[in-house]
Amino acid sequence: MGKRPTLDQLDVSLGKRARLHRLLYEHGPGNGTLLFLPIDQGMEHGPIDFFPNPACADPDYQCRLAREGGYSGIVFHVGLAQKYMKAYAGAVPLVLKLNGKTDIPSDEDAFSAQESAVEDAVRLGADGVGYTLYVGSPSQDRDFIQLGEVRADCDHYGMPLIIWSYPRGSAVETKGGRDSIYAVDYAARVADEVGADVVKLNVPRFRDPRNEDSPAAYRKLYQEWKELDENEAYRLAVEKVVASAGKTMVLFSGGSRMGDEDLLLKARICMEAGATGLIFGRNMWQRPFQEGLAITQKVKDILLSS
Amino acid sequence: MGKRPTLDQLDVSLGKRARLHRLLYEHGPGNGTLLFLPIDQGMEHGPIDFFPNPACADPDYQCRLAREGGYSGIVFHVGLAQKYMKAYAGAVPLVLKLNGKTDIPSDEDAFSAQESAVEDAVRLGADGVGYTLYVGSPSQDRDFIQLGEVRADCDHYGMPLIIWSYPRGSAVETKGGRDSIYAVDYAARVADEVGADVVKLNVPRFRDPRNEDSPAAYRKLYQEWKELDENEAYRLAVEKVVASAGKTMVLFSGGSRMGDEDLLLKARICMEAGATGLIFGRNMWQRPFQEGLAITQKVKDILLSS
Amino acid sequence: MGKRPTLDQLDVSLGKRARLHRLLYEHGPGNGTLLFLPIDQGMEHGPIDFFPNPACADPDYQCRLAREGGYSGIVFHVGLAQKYMKAYAGAVPLVLKLNGKTDIPSDEDAFSAQESAVEDAVRLGADGVGYTLYVGSPSQDRDFIQLGEVRADCDHYGMPLIIWSYPRGSAVETKGGRDSIYAVDYAARVADEVGADVVKLNVPRFRDPRNEDSPAAYRKLYQEWKELDENEAYRLAVEKVVASAGKTMVLFSGGSRMGDEDLLLKARICMEAGATGLIFGRNMWQRPFQEGLAITQKVKDILLSS
Amino acid sequence: MGKRPTLDQLDVSLGKRARLHRLLYEHGPGNGTLLFLPIDQGMEHGPIDFFPNPACADPDYQCRLAREGGYSGIVFHVGLAQKYMKAYAGAVPLVLKLNGKTDIPSDEDAFSAQESAVEDAVRLGADGVGYTLYVGSPSQDRDFIQLGEVRADCDHYGMPLIIWSYPRGSAVETKGGRDSIYAVDYAARVADEVGADVVKLNVPRFRDPRNEDSPAAYRKLYQEWKELDENEAYRLAVEKVVASAGKTMVLFSGGSRMGDEDLLLKARICMEAGATGLIFGRNMWQRPFQEGLAITQKVKDILLSS
Amino acid sequence: MGKRPTLDQLDVSLGKRARLHRLLYEHGPGNGTLLFLPIDQGMEHGPIDFFPNPACADPDYQCRLAREGGYSGIVFHVGLAQKYMKAYAGAVPLVLKLNGKTDIPSDEDAFSAQESAVEDAVRLGADGVGYTLYVGSPSQDRDFIQLGEVRADCDHYGMPLIIWSYPRGSAVETKGGRDSIYAVDYAARVADEVGADVVKLNVPRFRDPRNEDSPAAYRKLYQEWKELDENEAYRLAVEKVVASAGKTMVLFSGGSRMGDEDLLLKARICMEAGATGLIFGRNMWQRPFQEGLAITQKVKDILLSS
């Protein structure tokens, strides 16, 4: 437990291996860890995420941050990739996000619709694709079918598949909610089962009393961990979901903006608990550029010492 | 802010570049701005839009206006393009509108269904395609999938993609409505993300009290701008959404008929605020032909001085 | 107004032109008008339509009537075409009806499902295809998508596309109903926009008080026409919808059985008002054979003098 | 009326003709009539249908009965055909049933989903395919689309298409029910229109008072026939629906088990009234083998004298 | 009754025969019986199933158990197969599970969505595919269509098809429930009809009073068996559903963890009653490794003596 898989331990095809090698060793920290800069929030939440730092509404801002900060890759939908990456081609690896949605309609029956394809990723020289899977949504069936075709194309083209594995939908809300230990742990395993090479997870809210609504085994975990030191519980929670992801490399997301100390603590615990990397967006680009570079460097230091 | 992108600044493929060049420099104002004449209202609203000027029910009327007025292009569904453009082939660029709907059924779950294809546009010698995306509709998932295929075909054939990016559906109505700053701003960004080359937006209703129902950051904008001079607020609203569209060229629509002074003011503010062009329909063809030509000339003067 | 388009005025492809020429000049009246005999009522209403004249339940009855009466063509679903037309091949042009439904389920969400293809029409030597479009139905989106593929196949194979453009569904019933001037006029325009070569319309019920429920501009028309002589209003109503169909040739349907004088009056007004032809079914074959031939001749006389 | 079509009177393609010839003249009675043994009840009703005669749960039972009884063909889903027909290949013609459903879910919105294809029938050397069409179901649109593709494949491969044309769904229940004269008569015509070569119908319940709920013309038929001798009414009812099926050969089903005299009376009336054949399942195999052979022989005698 | 089919008695294609031969004679007991180790519970129930024995959360645990215990094969979704089987290729046959779902959303309208394909199974060198069919679910129609395509691919590639035939959905709950004799018996027959080579069934709960809600014939069975010795009734229940599966080989599942004696009794009765094999998961890997091996050996002894 707590040890991230190395590329050598993974049985990936030659094409996936070449691309993952670029992400793990040729870019970013370069020591087999991953640090991604996602910029699909303009789709998922709208330009409202750019209000704290208006400059970051221009995707070139994130491109520069990714290059100067030395990220393992940047995450774009096809429109932004095509319009903003020319000057960064080859220098900043691209992860093409294939599906998305706005947060305007209700999340009750969440489904993230595909608007670009693995072939687009190949054409654009991407080193990976991102796919959001809403585990437990009433539309989970459509999602599995859509994902299955993406997964098959990834196998065909040797393209690494990064699944944003998110519990979502009305049903999960009655079982502890989308951030419960139960839900995140389940989502981690599902990603491993359906063929993710890398999975993006949220750190479960292990102190949230809604965990009481989860199935008994998880309720028990919650109650045990409640008795522990918070950092110790944090580590256990991360280790649990990392273990459930099996041979799938795990990225943890930063989520909405938090204080620097909390962010670095999160980074440290996640990496120590076996994560392969981090995917921090708002916490990096919702600040002035130099400040963004500085915090990037601090996070990278943690990755480099992992 | 407020500076429109030039073709040189856009990283478009050779085919798109050739076609956009025709639209931006070979037709219309010719200085890199755009003036389109849309005539899909017979589909979207029915012949009722032709009652103020019965002559304009004949699509040849708009063809003549587009040629004599020197528009950058005319917007037709496939049926009208095939039946009315023979005499104008090459002289008036065609933008083929690919999807549409009547306004008879409810807008609660708006979806604009595709009834022609990018291949039709290629076959008809069009220089662009138009696609209506209903951002935030409960049917947004179907819309993204349909759009994704159109976008891929556009990339394949080098065909410029113009997205009519319209907030719509029951959910958006609870967050300030389809014309709120929030909604239009979000729609602008989504178009940029999903791969529009050009986006058609409505000017947000920045003085509409429904903006109070939008998320906090937008409510705040609304309240700040309410304190300003109306034209200054107008400019800020346009600049905001133009910025959110990023490297996607922005067209503003005219909407329903308004007074000439208001129309020209709108044209001027939009262009000064960074729009690449205008797409005015009812305001141009819901009048006698000569009057239509005259107002066209006034609008073009604004574009030419932009 | 009131002048039907000639084949020379239409910009149709060579294949469509050849087939339309057969329908307009080689068969039927032969002077550029059209007289079709539809026999899809067994599908749309069931055998109940054959009770007034049991002999007409045998599709050979209509084949004989079409040949001896000299119709421009006969309209069949694929099953009847394959089973009954062998003896009439080449002598009676076939319009293959591609979609249909029974009237057993509710019309609230009307959709006419496709059960044969343009390729079947080609294979059977047909000179046109028929497609029912339910304008304004909540299922209009599926309908547009289905039609779009039929339209593309028609362009590909040079097959004339005849759209039965019928307002239908719960939404239209609140705006004056399926036979209101508003609804029929809208349906005429939609057919022109989506690529019909010929459109089949019903004469609007211009005296029906339900027109009061239509949008203001149409309510006003209704009120104006109510003051006129009935035949004059009739002519205006027909001219209005013919004009809205633009360069699409218009056929008017006969609908359910009416008196001979009314039928001939209808034929005369429709033709004078610019229709290209008539598609009369029950009024022709719900009578003894000789009587059917006789009324056919009278209708043809009107067409020949048009 | 009352005369069944001969193969020479039907305009079928060479492939269909060859296969129909095997069914009509090479197997079964051999005089142009048809006697089919259906065994898809295990799918449609479950093994419950085999309780009266446990031996018949083994599909080999029906294979033997079909061969020794000299049926025109046996009806199987793909799984049973592949697993049980090896020893009977060529000796017992196969009709491959392409779609099916269990009777566990509600019939309100009946739809029979396709789980094998015409290509399977070709591969297995079948001489026909069976397709259940639920006429009048709210899902009728999906059904027509699915059937349309099957019908096109049948035309392509020269495979006879046998439609089980069954009125079904909530709407038909308000108009006299699935077994009303109205409903069965409509279903007969629809099968003829959509391209059946053979149609399987139920004998309408011409004495059921629910016929009062049907449209006026049928209510009138019901009332007229109520005054007649029952056998005379029976004959008229069968003649009516046979006539509505036109050039489509008609099979009548046996339905659930009935007395031998009733069964033979049914067979005689149906054949005299113009049916081409019978498709009797439970009435044949829900009995001891020799008894099944004996009743088969009696039914065949009727067919042979028809 | 009670005799399992041998490979020689089955009419399978060469490819299926070669692969079934590997499963029946080259691996596992090797005497024509089957013992599978399924590990798709991480998908169907989540990691919660691994809590009793944390080591088993690592799929390598099951791979080792399958190899050292000498199972006929292991069942994996595509992600686990690709990531964990490299060291076991050829040594442990793979059954690729093609569809799945989480148990988070409601089971009312159960549907198991396909996320990998028969082609994946071929590519990975699998000797069979697994497909979950929810018999009786309101979504049964989608399920049949999806299954039909899998079945056709299996026929094309010579890949054995193992159907998890599970009664499920709101309708079945009103007729005795998913584990009633009625429901399981129906599911067994459906699998035979739609083309399973092997079917996985649950032993019906023949003593559950909910059987009273089933159709009369099954209610009667339940009442008769209630009078018998429990083991005798057990045997009859298994024989009944094995018979209904016909020439489809039957596997019984273990379900949730039970006592060893019960498990071995179950194994013995099932095999004596005609099952071809067993598919035991949680009962094998929810224990320490050596204990898992030991119980495996005991189960194999039963199979070897069958």
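Chains: A, B, C, D and E, in written order; residue numbering restarts at 1 for each.
Simple rule for what comes next: contacts are C-beta pairs under 8 Å (C-beta built on N, C-alpha and C of every residue); 3 or more make two chains touch, one makes a residue touch a chain.
All values reported here derive from a predicted model rather than from experimental measurement.
Colleague: Name, by label, each chain that touches both members of the pair chain A and chain C.
Modeller: Both chain A and chain C are touched by B, going by the contact rule given at the top.
Colleague: Rounded to the nearest 5 degrees, what is the angle of the rotation relating the C-alpha atoms of chain D to those of chain E?
Modeller: My answer is 70 degrees for the C-alpha fit.
Colleague: Report, in whole Å, the distance between the mean C-alpha point of chain B and the mean C-alpha point of chain E.
Modeller: Spacing between the chain centres: roughly 57 Å.
Colleague: Could you work out how far the Cα centre of chain C sits from that of chain D, in whole Å?
Modeller: Their C-alpha centroids are separated by 35 Å.
Colleague: Where does chain C touch two or more other chains at once, residue-wise?
Modeller: Residues of chain C touching two or more partner chains: there are none.
Colleague: Pick one for the touching-chains graph, please: line, ring, star, complete, other.
Modeller: If you draw each chain as a dot and join those that touch, you get a single closed ring.
Colleague: Which of the residues in chain D end up touching chain E in this complex?
Modeller: 40, 42-43, 46-48, 51, 57-59, 77-80, 82-84, 86, 99-102, 104-106, 111-117, 119-120, 123
Colleague: Using the touch definition up top, name the residues of chain B that touch chain A in the complex.
Modeller: Result: residues 10-11, 135-138, 140-145, 147-148, 151-152, 155, 167, 169, 171-172, 175, 182-183, 185-186, 188-196, 215, 217-218, 243-244, 246-248 of chain B touch chain A.
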